[in-house]
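Next come two complexes built around chain A: one with chain B, the other with chain C.
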Partner chain A sequence: MLKILIPTLFLLPTTWLTSSKWLWPTALTQSMLIALGSITWLNNTTDTGWTALNSYIGTDPLSTPLLVLSCWLLPLMLLASQNHLSSEPINRQRMYITLLATLQLFLILAFGATEMIMFYVMFEATLIPTLLVITRWGNQTERLNAGTYFLFYTLAGSLPLLVALLMLQNNTGTLSLLIIPYAKPLLLMPFGSKIWWAACMIAFLVKMPLYGMHLWLPKAHVEAPVAGSMVLAAVLLKLGGYGMMRLMIVLDPLSKEMVYPFIVLALWGVIMTGSICLRQTDLKSLIAYSSVSHMGLVAGGILIQTPWGFTGALILMIAHGLASSALFCLANTNYERTHSRTMLLARGLQIALPLMTTWWFIASLANLALPPLPNLMGELMILTSLFNWSAWTLILTGIGTLITAAYSLYMFLMSQRGPLPQHMLALPPSYTREHLLMALHLIPLLLIILKPALLWGWFAC
Partner chain B sequence: MADYREAPLATRPKTLDPNEYFNLSPDYRRAEAERAALRAGLKRQYQLQLNNPHRKELIEDPALNRWVYARANPYNHFKATKKTSLLGALFGVAPLFILYYVFKTDRVRSFNWMCAGLWVC
Partner chain C sequence: MLSRFTRLGTTLPRILANSGVRFVSQSQKSASAGSATLSELLPPQDSHDHGEVNHYVKNPDYHGFSTDPVVDQWNMRLAFFFGVSVVLVIGGTFIHYLPDYGMRQWARREAERLLKHREAKALPLIAEDYYDSSKIVLAAAGED
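For the complex of A and B:
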């Protein structure tokens, strides 16, 4: 773990001490080496499950895919931001890289934490660099509103979590994830225990986000610069899912009754946000709502607490992280050329930028869960375990899958096919950097097809 | 060029009907001329921008900007009328209760079947 943490920590002096000519290549190389080093975490050899274990941090098959995803994302974020930051003063560029690196550090500590309070502190700590990135480097005036929504929705949701964790600590004496599965359950009065259950879950449900509490997400994703959108969509949403999966163990006998409203909200949210996607005019907003839709399915998979549900949720989280981040990068390539997110203005790009169309095509297919991509694998596992939970969910998830396919194809056809706007002149051709960025997103997604057992979490059988 | 004659039974639209345009008042014609001048000015501005050799960016369309802003900020102008309340209740509130009822009944029923030994897998 230290092999990865110390280089990440030292990315901060690196950005401030390198000369401006070598800033981006150095930061990129160092983060890429960290990412390649983090892949070694996928090798979980111990029988007890926890690898690289010390008093504070450890990895297990649940957290390793998410850790690798967050480490993999940092070089991609730097690649994506290089162009729009090139016109800024050098110290602002350094500050940006510093914020991304500290976010990475907090994310590694969050996913690797074995103590729930450490996870909570890191969960909250990731809000700060993201807030700074959204409000300081966003492009429109609405970024302040977006930052406020983002910060306060998540904070308001997670304050009850702190209280709940402290109650658990008081009762059980420990909050270590190694011990908690074996501790005796929390005995509270009936209504109090329901409130305690809700307090534990609400923070993560707001983060995921669940349909009723999702208003912060479209704003934050749309107003953030590309690296902010990427990390939000790919990793920060998954912090919510990961937290839920970890805490489900402690919440057990209560969950049978308490999950119903949230599963209903999650599944209805899949359909509602999918339908909203079909009516969006703003490209990033469409991708943001599709994130809510997929995360609703993940929330449904986690809340039913079956092995296949958890496995499907984990696979879908990773696959959606890569695919959604790829789509945001593609939307950014459009934005850098036309300075507008309106889909109508950036139509017919297949004629102008045919190679980028390949990446648009693969990313749209990933979003609509085409077999044999892992997106489909995760969705199918969640669908079948939800069907086992109650047969009627199939109607909702089936319609949801249909709408997902509809809006993914709509996004592809709107941006690539059709007539080019006639007044569009100077479209720079696709840079190699952009092709590299898309390749680094989508090639891992394609490679996961060959060994999905890496992502199966605890139930790799 | 062939001499254009319209089809014998075709009717002309109102604006091309010769009986109509000699009925127009001078005020109306003046207003029409002003509006045509405004339109021509806008078209000239667009053509100037379109053919400007130093232009690199897209031509900004203020109508498009207004439309996009309106589509992105519906809640600022939201009013709770009967129709919007009905739609909200129908799509936002009622499905939650209906689905809760459906899932709960189904699960309770299958649990009871399982307890009674009637559940055939």
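For the complex of A and C:
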């Protein structure tokens, strides 16, 4: 673990001490070497499940895919941000990379934490660099509002979580993730225990986000610069899913009745946000709502607490992380050329930028869960486990899948097909950097098809 | 009109060589008469973005990383080498050769070994009860 944490920590001196000419190549190289190191965490053959274990941090098959995803995302964020930051003063560029690196550090500590309070502190800590990135580097005035929504929604959800965790510590005497699954069921007052259950879950449900509490997400994703959108969509939402999966084990007998309203909200949210996607004019907003839709399915999969549900949720989280981040990068390539997110202004791009169309195509297919991509595997596992739980959910998830395909195709056709508008004759061709960025998103997604066991967590083993 | 786009590669240097600094201004009358200029529809942005600077003018081999051609090329090389050759290829090879990920092959061997053992001894192949029924403590009838 330290061989990843120390280089990540030392990315900070790297950014401040490198000369301005070589800042971005150096930061990129170091972050890619960190990503290479993170792949070693996948070497997991122990029966106990936990590897790289010490008193404070460790990895297990649930956290490892998420850790590798977060470590892989940092070089991709740097690649994506290089162009739009190139005109800024050098110290602001250094500050930006510093914020991304600290976010990375907190994320590694959060996913690697073996103790729930450490996870909680890191979960909160990730808010700060993200807030700074959104509010200081966003492009429109709405970024301040977006930052406020982002911060206060998450904080309002997570303060009850602190109380709930302290209560849990009082009751069981430990909050270590290795011991908690074996603790005795808690004896609490009938109504108080329901409040406690809700306090545990609300923080993560807001983060995921669950449909009723999702208002912060479109704002934050749209107003954030590309690296902010990427890390939000790919990793920060998954913090919510990961937290839920960890805590579900402790909450057990209560969950039987308590999950009902949330599953309903999650599945309804899949359909509602999918339908909203079909009516969006803003490209980034469409991708943001599509994230809510996919995460609704993940939330549904986690809340039913079956092995297939958990496995499907984990696979879908990783696959969606890569696909959604790829879509935000593509939206950014549009934005850097037209300085507008309105989809109507950037139509018919297949004529002007045909190579980028390939990436748009693959990313859209990933979003609509085309087999054999892992997106489908995750969705199908969640679908079947939900069906096993209640046959009626098939109506909701089936319509949801249909709408997902509809808006993904809509997004592709709107941006790539159709007539090229008259004012868009002067688009610079796609840069090597942009092609590399898209390849580095989508090739891992395709490679996962070959070894999906990496993403199954310890539920399907 | 559309046919012009297929020749975008050769049209571009001609427009650039003639129009000067602002790439978007199409000052020649013959090439694109009647089309709106980008500057009319999108007014100039913030101070750090003086119109659409086309980097390919100064550096035809622009890769998208930096305006300095040397740094641009080295950045491209580093990004591709570490991104593709190191992480995707070496990392991918590492993942491919991971021994028995999740102990599934071991589980299969162990199951076959246990089955062989139980068949030889004529033992039941699998216990019907998942939990040991002697260890389950039930509350007496009438208690809560």
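Operating definition for what follows: the second predicted complex is superposed on the first by the 459 of 461 C-alpha atoms of A that agree within 3 Å, B and C clash if a C-alpha of one lies under 4 Å from a C-alpha of the other, contacts with A are read in each partner's own complex, and residues count from 1 in each chain.
Note that a contact is a pair of C-beta atoms (placed from the backbone, for glycine too) under 8 Å apart; a residue touches a chain by one contact, two chains touch by 3 or more.
None of the values given here were measured: they were computed from a predicted structure.
> Touch test for A:431: chain B only (first), chain C only (second), both, or neither?
The second partner, chain C, only.
> Does the superposition put A:83 against chain B (first), chain C (second), both, or neither?
Once the two structures are laid over each other on A, A:83 reaches chain C alone.
> For A:444, decide between first (touching chain B), second (touching chain C), both and neither.
second
> Now for A:423: first (chain B), second (chain C), both, or neither, which partner does it touch?
So A:423 meets both chain B and chain C here.
> For A:339, decide between first (touching chain B), second (touching chain C), both and neither.
Both: A:339 reaches chain B and chain C.
> For the overlaid complexes, name the partner, chain B or chain C, with more touching residues on chain A.
C
> Of the two partner chains, chain B (first) and chain C (second), which one does A:396 touch, if any: first, second, both, or neither?
A:396 sits against chain B, while chain C stays out of touch.
> Considering only the touch criterion stated at the top, classify A:260 as touching first (chain B), second (chain C), both, or neither.
Only chain B is touched by A:260; chain C is not.
> What part of chain A is shared between its chain B contacts and its chain C contacts?
Common interface on chain A, chain B vs chain C: 338-340, 422-426.
> Which part of chain A faces chain B closely enough to touch in the complex?
Touching chain B from chain A are residues 260-261, 263-265, 267-268, 272, 281-282, 285, 338-340, 342, 344-345, 389-393, 396, 421-426.
> Taking the touch rule as given, give the residues of chain B at its contact with chain A in the complex, in rising order.
49-50, 55-59, 64, 67-68, 71-72, 91-92, 95-96, 99-100, 102-104, 106-107, 110
> Please name which positions on chain A make contact with chain C in the complex.
Counting only chain A, the residues touching chain C are 21-22, 24-25, 28-29, 32-33, 35-36, 39-40, 42-45, 47, 61, 72, 75, 79, 82-83, 86-88, 338-340, 351-352, 420, 422-426, 428-429, 431-434, 436, 439-440, 443-444, 447, 451, 453-454, 456, 458, 461.
> Show which residues of chain C lie in contact with chain A when the two form their complex.
2, 5, 8, 23-24, 26, 32, 35-38, 40-42, 45, 48-49, 52, 54-56, 62-68, 71, 74-76, 78-80, 82-84, 86-88, 90-92, 94-96, 98-104, 107
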